[in-house]
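Chain IDs A, B, C and D follow the sequence of writing; residue 1 opens each chain.
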Amino acid sequence: MLTPAKKFDLPTEVISNELVAENHYLLRCSCPEIAASALPGQFIHVLIPQGSGLLLRRPFTVYTVEGDQITMLYQLIGEGTNVLSSLKWGDSIRVLGPLGNTFEMSSTPNPAIIVGGGAGIASLMLLAAALREAGVWALGLVGSMNQARLLSVEDLKAIGVETHIATDDGSIGHHGFVTELLTHILETHELPNPIIYACGPDGMLRAVTKVGLDYHIPTQLAMENRMGCALGVCLGCVCKVQLPGGGFEYQRVCTEGPVFKAEDIIW
Amino acid sequence: MSDIHRSLAVNVAGIQMKNPVMTASGTFGYGSEYVDFIDLNQLGAVVVKGITSVPWVGNSMPRIFETPSGMLNAIGLQNVGVDGFIDKKLPYLGNFDVPVIVNICGEHVEEYLEITEKLDAADGVAAIELNISCPNLHCGGMSFGVDPKLTDELVRGVREKTTLPLLVKLSPNVTDITVIARAAEGAGADGLSVINTALGMAIDINTRRPQLANITGGLSGPAIKPIALRMVWQVYNTVSIPIIGMGGIMTGDDAIEFCIAGASAVAVGTANFINPRAALDVADGIEEYLERHGMRSIAELVGSLEVP
Amino acid sequence: MSDIHRSLAVNVAGIQMKNPVMTASGTFGYGSEYVDFIDLNQLGAVVVKGITSVPWVGNSMPRIFETPSGMLNAIGLQNVGVDGFIDKKLPYLGNFDVPVIVNICGEHVEEYLEITEKLDAADGVAAIELNISCPNLHCGGMSFGVDPKLTDELVRGVREKTTLPLLVKLSPNVTDITVIARAAEGAGADGLSVINTALGMAIDINTRRPQLANITGGLSGPAIKPIALRMVWQVYNTVSIPIIGMGGIMTGDDAIEFCIAGASAVAVGTANFINPRAALDVADGIEEYLERHGMRSIAELVGSLEVP
Amino acid sequence: MLTPAKKFDLPTEVISNELVAENHYLLRCSCPEIAASALPGQFIHVLIPQGSGLLLRRPFTVYTVEGDQITMLYQLIGEGTNVLSSLKWGDSIRVLGPLGNTFEMSSTPNPAIIVGGGAGIASLMLLAAALREAGVWALGLVGSMNQARLLSVEDLKAIGVETHIATDDGSIGHHGFVTELLTHILETHELPNPIIYACGPDGMLRAVTKVGLDYHIPTQLAMENRMGCALGVCLGCVCKVQLPGGGFEYQRVCTEGPVFKAEDIIW
């Protein structure tokens, strides 16, 4: 994976911040430096405005890059995202990034299967765009609680990603897990050396990992964890990683990650 | 600097620094992680993450949790070990004109001594900070820091092994910090770092599990600043060796409070996570205060608290 | 209450309460101050401001200061004295169907004993809370709370003077709170209040004076919640008498954390200053949690922390 | 002084919040219950909105009552008033009040001298209005740092209070202390048994106290102190008060005060 580009800590203003699905918002701001260098899978560490009473920043993947602007697609979870969602045009935030490693795109244009659960799809959009630009055929499998919370399907289709949907309540698409869709696809399609890219809840990632192993498909996961510094110093964000020689090591999601080989992760 | 007679330079415990602002151990890695934001040459000193005799894997996850105006951490001293540090980390810091203070921790006295000998022999170590206050339960560190006898024994031992300036980092989790401070001074410490994190805990009420895999962890950030200030002031009134004050310092004004309470220098910790330039911003804030009050150096401030 | 089988009522240390939420001493006066906002009959218990044998004038000003997610106070136990309390304050509380717990403090054992005898003889006292942890330096209270021998001696003495339920309020400013907890239990305490305020300090950098006339003061509020939770959990794993948990409780969810850590009841302190209905809101929050999780009483929660 | 009326803790919304002088704002909100019962000198304890990171409320005197609405006139001091000043129409705050005792108005309509320093004048406006309504002749002495920060002069004149100004820099009115104006007035006017009402910085209140004593004029001061509960329980807001029998006592500004007899205060 590439050596990370220079990192910036920039003050910027919210350009727009709208509700795009139940409980989910899309925030747009202008960050030329980050827009110019952010790679698929990389994230930013956002300082919620002063006086919000929150201490730590909050990490979010770069969802899209458009000229000088970047967007982030985020789910309401707790206090931080709640304050974020209240920001309006002109409100100022600070953005630290680009951070972390990136998805590995093979030199040969193998077909890509992109599996996103909930807000996890937000971490895969920049990748999808990069794959399509490289002329790679990409399949998008989007899992969601229900139709109201469905994310990114239009955005994926717009860049020519064939997209299938799974919802927990069956309100749209397949009634069940997105990983069931995944196995179904693999059983019914003949894909030459596909690569799986996934991001979502732990349970989903574990299931995807199993599928990848069962079908011998190289699988990359974008991991999440609580973060302090996002610069690699606090060691608060680690995940447990298998070492080639055997044994394990705690690696930093913010630095060695967020992207890891699925088979390396010890759950 | 408008006034040429004004200088932020200080010599604390034999460590010559361009300004009185260090980075707190475990919150600034090995320095390299911050070069995109900070010219390390402008720091008073870099205190590196706690080092042990052999590499430690650290605790399992989750390791951190945010609390009101603070955060809990239970990292478990994950580090490359003293040899790895000397081979892989120290050389890089050699490229900068900044004192490197190495924070060390161990489970037994012998371990501390072994690390000390290796650091004493290495190039580019400006001072040793003895962590006898790691709140991580699996680490011997804490038990030393709460017992004056053990503190005396440990500090004496390390003192004999090195001529480097020796800082001892005290735990706030004690009934009377002045007892430990006196023990450390008596055993030959050149300075005291006050304070390490306060032992705390948080619970996920839905899973009924602790928010940290280690159950308890160290509380840092603005929440503990009042406790840290109180302890700096208590220690200042007890010992005659210099104090490096820390605990919730986010701004230059926070640092000034610590100096007035008795700190000759300060360390910035958790603030580095929120603002990568925090240490330099704090130094700038100190300078502005000195200018505003027409002071030539922070020496005029140290311990200047006017008590009724 | 949708589910008739669900009840918030608890009996803690022999104190029968309609719900597990008390008001913390010194943060709710003598109850009368809150009647415009709260029906006192709905409280689990009212713990009144610390009482001494004779009236105390208290410390000079300033006495309080706000800190990040917390506040410092050094009131100096200004109070009407035990006789004044029994004559002027206690009768009013007799108009309500709520247990009155009297927090007492003194400089010598004799003082505690004298107050206890008078309260034991008085009508309308449900329990005594022994404040051996007042962080105010001029008050003997603290020195008792940091020494297991003195704690044992004091608690034994008071125990002999009364058959009322006896709570002992512990200080967080100790190396090992379990030692004091065990001493109090061994000496006959019926329950433990955990915790009192943490000793802290703040400085006005412009005047270089302390923000409190008393120099140091007690830190309360959300800032100390992680420390309080940790201590409740430590004490829960040490003693078998019930614990009243307090320290930064603002919401029902905060209270639930304390119960899971081992508290059989909770006290709401600083929150009363921000929200006059805080104690009732906390009780409602507890009930909602029990409903959400289909529990019949908080007994199912107490000490239910699942440790790895 | 009257026994306090019932206290309320009410959610309300900001109606307006505008800059009325350099560093000073006037906030208006609707509080029928408080508007109906607030008396001269009484104050409210304001909860700055959630997520502001502040713990304690902030006390401010009721500046004016207009129908269901009350206003408060406040100076920017620190974090709390800074957050307050950022509030816009529709933002919600909580208001606790009415709190504290009230100014004593003598039954006989003695002439009143109202002495306000800085934002201190805010604590005297409701009194001035009450005096004028009672047909009492009132003189207003308003002290300020400079013309830009001058407060309330128009409001006082509007209700028929003869008003004189003193500024530290002489940019308008008397160049010097408002207490110099006070002595000048007393030397040059023949006022039958006047009463002095004052609020402002400690230094000014001490000077006013001395004048009152020198000229044997009953003087009432509105005191300020840091506040926790504002309900009389935390004992954090006390000031040192002379006792009739000799000796002293610490009395609560929020309960026994904020109005005290000048000669009773021990500085």
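As a convention for this text, a contact is a pair of C-beta atoms (placed from the backbone, for glycine too) under 8 Å apart; a residue touches a chain by one contact, two chains touch by 3 or more.
Everything quoted here is computed from the prediction, not taken from an experiment.
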Would you mind pulling out the distance in Å between where the CA atoms of chain B average out and where those of chain C do?
34
Where the CA atoms of chain A average out and where those of chain C average out, how many Å apart are those spots?
47
Counting only residues that touch at least two other chains, what does the list for chain D look like?
53-54
Counting only residues that touch at least two other chains, what does the list for chain C look like?
60, 68-70, 221-222
Work through the pairs of chains, note which ones touch, and then classify the graph as line, ring, star, complete or other.
ring
Any two chains that touch count here, so list every such pair.
A-B, A-D, B-C, C-D
Tell me, which parts of chain A touch chain D in their complex?
51-54, 79, 83
Where on chain C is chain B touching in the complex?
60, 67-70, 72, 146, 173-176, 198-203, 205, 207-210, 213, 215-216, 219, 221-227, 229-230, 233, 248, 253, 256-257, 260-261, 289, 301, 304-308
Footprint of chain B on chain A - complex, ascending
6-9, 47, 53-57, 96, 225-240, 248-250
Chain D touches which residues of chain C in the complex?
26-29, 33-34, 36-37, 49, 57-58, 60-66, 68-71, 73, 75, 78, 221-222, 270, 272-277
